[in-house]
Amino acid sequence: MKENILIIGGGAAGMEAATQLQKMGLTPIIVEKSEALGGHIAQWDRLFPAFHPAKDVVDKMLDQVKDVKTHLNTEVIDIQKDNNGFHAVLSNNEKIDAKAVVLATGFDIFKAERKQEYGYGIYNNVMTSVELEQFFRTGKDERINNPKKIGFVHCVGARDVKVCNTYCSKVCCTTALKQACEIKEVFPDAEVYTFYMDLRMFGPGYEDLYLKTQKDFDVKCVRGRVCEVSEDMDGKLVIKAEDTLFGKPLKMTLDVLVLMCAMEKNKSIDAIQQKLGVANNSDGFMQNSDMYLGMNSTAQDGVFVAGACTAPKSLPDTIGEARSVATQVYNYINR
Amino acid sequence: MIVEGKQKIWADYQKDIPDDHYFYVRSCIRQSFWPASEVTFLDIVRNKLGKDFYENAYHTTCGGIAYHSDSIPQETAMTIIARQFALMHESGYENYVCSCITSFGLYTETLETWHEFPELEAKIRQYLWDSCKKEFAKPKYLAHASDMIYKFRFDIAKQMKFPLVNVKTGKPLKVVEHIGCHYSKMFPSKGFGGAEYPHVLVGMVEAWGGEVIDYPERRQCCGFGFRQYFVQANRGYSESNTHKKFESMEPYEPDLIITNCPGCPYFLDRWQYVIAEQTGKTYGKNGYGIPALTYEEVAGLVMGYDPWDLGLQVHQVAIEPLLEKMGIHYDPKKKYQGVNGKDLGMPQCPMHIKSV
Amino acid sequence: MNSQIFHPFVLPFVLGMAFVLTYCLVGLIRVIAQLPKDDRKKFWRSLVTPKTAWANIRDLFGDCLFHVKIWKRNPVLGYMHSAIAFGWFMIIVIGHVMLFTLKPLQGIEVEGLQGMFTNFYYPIFFKYFAEETPVFAFLMDFFLLMIISGILIAVVKKIHSKIVGVKRVMHFGFADSLIRFALWTIFPFRLIAEKTNIMAFWWLYSIDLLIFMCMLPFTRYMHIPTEALFILLRHAGIKVTEPRKGYALAELYACPSCGLCIDACPMSVNNKMSGNTSAYFMKKLRNKDTEESQRIAETCLMCGKCVKICPVSIESCDIKFSQRAATPYYINSDHSYLNDISTESEKSHKTLYFAGCMTQLTPKIMRSMKQIMEVAGEEYQFLDENGGICCGRPMMLSGKTAEAQAMVAKNTELIKQSGATKLVLSCPICYKVFKEEYHLEGIEIQHHTQYIDELIKTGKLKVNKGDVNYVYHDPCELGRAFGVYDEPREVLENVGNLRKAKSEKELSICCGGSLGSFTLTQQERDQVTENSVNDLMFNNPDEIVTACPLCLKTFARKSPVKVKDIAEIVAEKL
Amino acid sequence: MDFGFCLSPSSHVKMDSIDLTTFNRLKETNPDVNTCIACGSCTATCTAGNFTEMSFRRMLLMLQRGKEDEAKKMIQRCMLCGKCTLVCPRGINIRKILLDITR
């Protein structure tokens, strides 16, 4: 039993699924469009809630998939299904026959420019959470030079009909608090504000992180969404928000504003997804067959989904799904 | 400030406007506050740019003011608008250009509403027929007069006599651009440059050699806001809005303010006088205010029209310092002369803000 | 026998004695001068009033010499103290008796000043100057040995306090160790001197006395003279006004720093917190360490146990109150809004029930009380069923008695206009303040424990006895404050079996939730609670019963068994 | 000149210019002031709040928004009964803080 399983996407979900499938004696083949495995998580510095270095996790995962057949810088350009399974054509002109397909295509980061009022790409000192994470990794970002006041805006591109994303992106709250603490670690004298609508500390140890953020790091959490950003004469940012708990609008000057950008469905897979006949749900993510019992299966026999391609997910969620999709595939092959 | 960022947005918010043959409707506020502006506009587009702008003698208000101060229902306003469209249709035009921002907003709102609720459009057709036996056709293109100047800004630049440059220093004039809220804040896609970083006025200023300043309260409303102004007790609220804007732009030392809504220049001009009377504070240099002009007036100035023909003397804030900066020659004696040199007499001078 | 009347070695003693006498005299005048005018009058009057005068004499002997209170609590320590104190006292007395009986016989008569001078030291060094008769000699040696036996115990206590049943002792500085050493050696030296008559020992004996008396004012041994004054002031019925003035000052110096309160204090669950106990508070305040004494004053749970067990009956809580009152808060309370509350109420009833703020957080107590009163067929009015006004005690606990008056006044008004003749309270905190600070003439104030007990005794309430084993926790403000120990226990006997806690009644341990403390953190409070719960669980009861909503909430956090209010228990058994 | 109307002050809290000395001092002695999650339990149970607008969580905010006088005015209503401290889910020692604010 050496059936091929085509895994599209070499991020956390793809790698973990491949690892498990290989252990089950199947032959996973990863097709990754970028030049390296690891996905978004490989770009991350530390993980919430315990500030665990992301590299540790990624390296372990990479090590597990070192013998898995992998196509980098490659995309699936065509895929057909017949009685013998799936026949995919890759951008490197290779052809792959597989018994099942796992879509682990993950997510895209919301384009912050779309929230024009925040002035991303227009005001120098507005940056995204992803760029801040880069700063933590490299220690370099011309926007950050010993800031005295830093603000975080939650739900940028999430819970917002104006950008047609009504869903909660799940991980941004915790990420914001994690990054707020990290900023305080780098600049202890800086004042750090987070502007939140609700703080959704959904996981184990997350609420503790919240408490730590308030008590040990003296981060000021303001309930209220930043509504407009402008630049003053010295290029500092002037922001307006309402402190909804106090019932009054606020105005303050910041040195840096960090936008907690939401997860959006990775659209680069849409064409293939259509060929496979996998629909999207109302949030624009992939539609799995059942929210509870069929979270890894789709309307299409033999096509499976795992990770953030179906909804915003944290790393533990994703790994959990990757493992469960492996079981699903295994059972499908041996049905 | 990253200019490329703005340019990207400006590129995203463009609308195509036909090159000629427009049906022009006036603005209640503009023709009563700045009568010269519309005259100048028509003179520029017709005689300087040789475009066909048709005015129908029977056109009326759009009903916007009544509508926004809740004295008529939306259907009434829509019927009035339908009649305007009918006039355009009868006159054989399909490009509708209005001089008023309130109207522009209301026309846009109406067309969008009809688009979403065709049954309402049908209802209005019926109303129009019942009331004045007319039938209308929706305009193919709807534009605001400032869109026209924006579209022809480079042609105007070609005929420019006095660019927006300080002749003494040779530096570009610092200009505050202020769009009317109803230009694009309701329907960003309907205005050049959208709502956050509107380009319609920026385009003119830059084409004519000026430099636009971006100050924190640029989004703030001029303070008109209908209800806030019409009820005397609420005027303090209107004034406070304006005050907030001036406090925010003051440090940038702007030379003038350009606007595309007829109401904004009025409030940005008159409230400077009131603030000065109440607090003694003026925002221009040595006791003067900051001139708040309509885009037609600015266009007229750069094209070399006589300031007094442009009606700049009806501004509360003295215009002379700006004229001197731009090197425009003017005859102080003519400032208060009416047609055929009739002396209208010089108005009383305010306490705190210089008017000459 | 040296037939001379003077030897230089008496000089150290004479100097020391002169010094300590002057010091005490000045101190005495200072304290009395600092007393408020009325208190001073009271004081003088008490000295001549037979009743107080007798009490004075009784306690001066009982407490200062025989240390009855310590005997009661710990015979070994009791013996230690009384051996030294009484023994010493007797030696001095006998010394003087001999001075006036034997000296003339031996024809050593000195007249005038010189005579007074000689009489001043003669009894102290009698044996050096004159011959004792066998009887006296025996008595002297007897008491001397008595003292030395006491000192031996002291030495043992110092080396290993557990042997004499003391867990924690205070830690003292060099001065105290030095004077202690002097005290310990005085009498052995004297004994040796008397028996061997070696000059060096007479010198050592005298010098020891000098050291002891010169250091006395600056060490805890000052409590020996001060206690006498304190007893007189206490019997005069004087109360503390300022933390370091007058009566309080006398109390400060009367505190022997024996450290008995350290073991008693509910906070002594660990060494860090045992620094919050009264002994240290008194010491810090004595040494004018305002910051620290303020800290302790605000940390104290005000459970009053230290006062109850204090062998000198020092009211340290009162001093802590005055210390709290002395701190500058600027709340400037404004409770004028209370005036707007209407005092309209439906027809008046005999019984008025006031649940209190804390009880508002434990609705089951209110429910049970209503049930009980209805079953008992009582006509009652529920004063604060829809929320009431705070009784004022918590505010007073912050030392702000004046600020609490608005609440006291409004509650008084509400209660009086209700026309009730009995006020029943569920919260001991309220009970204490209603009893002490309110003027509710003609209205009987009862805590619900007493009320229920009465209902049962008068047969108005029939309860059936179950076989649950209860242990009862005495709330500080009900037990220690008012001695309400028996009523709750009798009630519980009626409904189930009563098990004993390890420490009960006036020794019961605060639950840790007390509003008395302002600064204890939740973690620290939890430690107190755990300790108190363990003490209650001593005889493995099925349920812990208390009579205070605050104790109830506090224990509920930590108790391994159900915690209930006595009212609940009774309601269950109706 | 009287126009029959006048400038009204901005309702914005100007975070750049507010004075936080009291709150910062408070924070040193009571780090848990930061941990309030504005659940409002304190306000809901407040004995004084039954008759007045007394609200501890709001008072903490006032201090953080430079409205110290309003905050101190509000404390005057407090009876120090301690119910707030008993109900606070974050275990904030509210009674101590109330006293410390005015110390």
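Labels for the chains are A, B, C and D, by order of writing; each one numbers its residues from 1.
By our rule, contacts are C-beta pairs under 8 Å (C-beta built on N, C-alpha and C of every residue); 3 or more make two chains touch, one makes a residue touch a chain.
If you're wondering where the values come from, they're calculated on a predicted model, not measured in any experiment.
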item	value
Identity of the most central chain, Cα criterion	D
Whole-Å gap separating chain C and chain D, where each centre is the average of the chain's CA atoms	39
Rounded Å distance between chain A and chain B, as computed from the means of their C-alpha atoms	46
Gap in Å, rounded to a whole number, between the CA centres of chain C and chain A	66
Shared-contact residues (touching 2 or more other chains) in chain A	none
Junction residues of chain D, two or more chains touched	none
Residues of chain C engaged with two or more neighbouring chains	none
Inter-chain touch pairs (all)	A-B, A-D, B-D, C-D
Of chain D, residues touching chain B in the complex	1, 3-10
Sites on chain D touched by chain A in the complex	11-16, 27, 31-32, 34-35, 38, 57-58, 61-62, 64-65, 90
Interfacial residue positions of chain C with respect to chain D in the complex	327-335, 337-338, 340-341, 357-358, 360-361, 387-390, 392, 394-395, 397-398, 400, 407, 515, 518-519, 521-522, 550, 553
Complex contact set, residues of chain D against chain C	45, 47-48, 50-52, 72, 75-83, 86-87, 91, 93, 95-96, 98-99, 102-103
Residue ranges of chain A touching chain B (in the complex, touch as defined)	113, 116-117, 119, 121-124, 228, 230-233, 235, 238
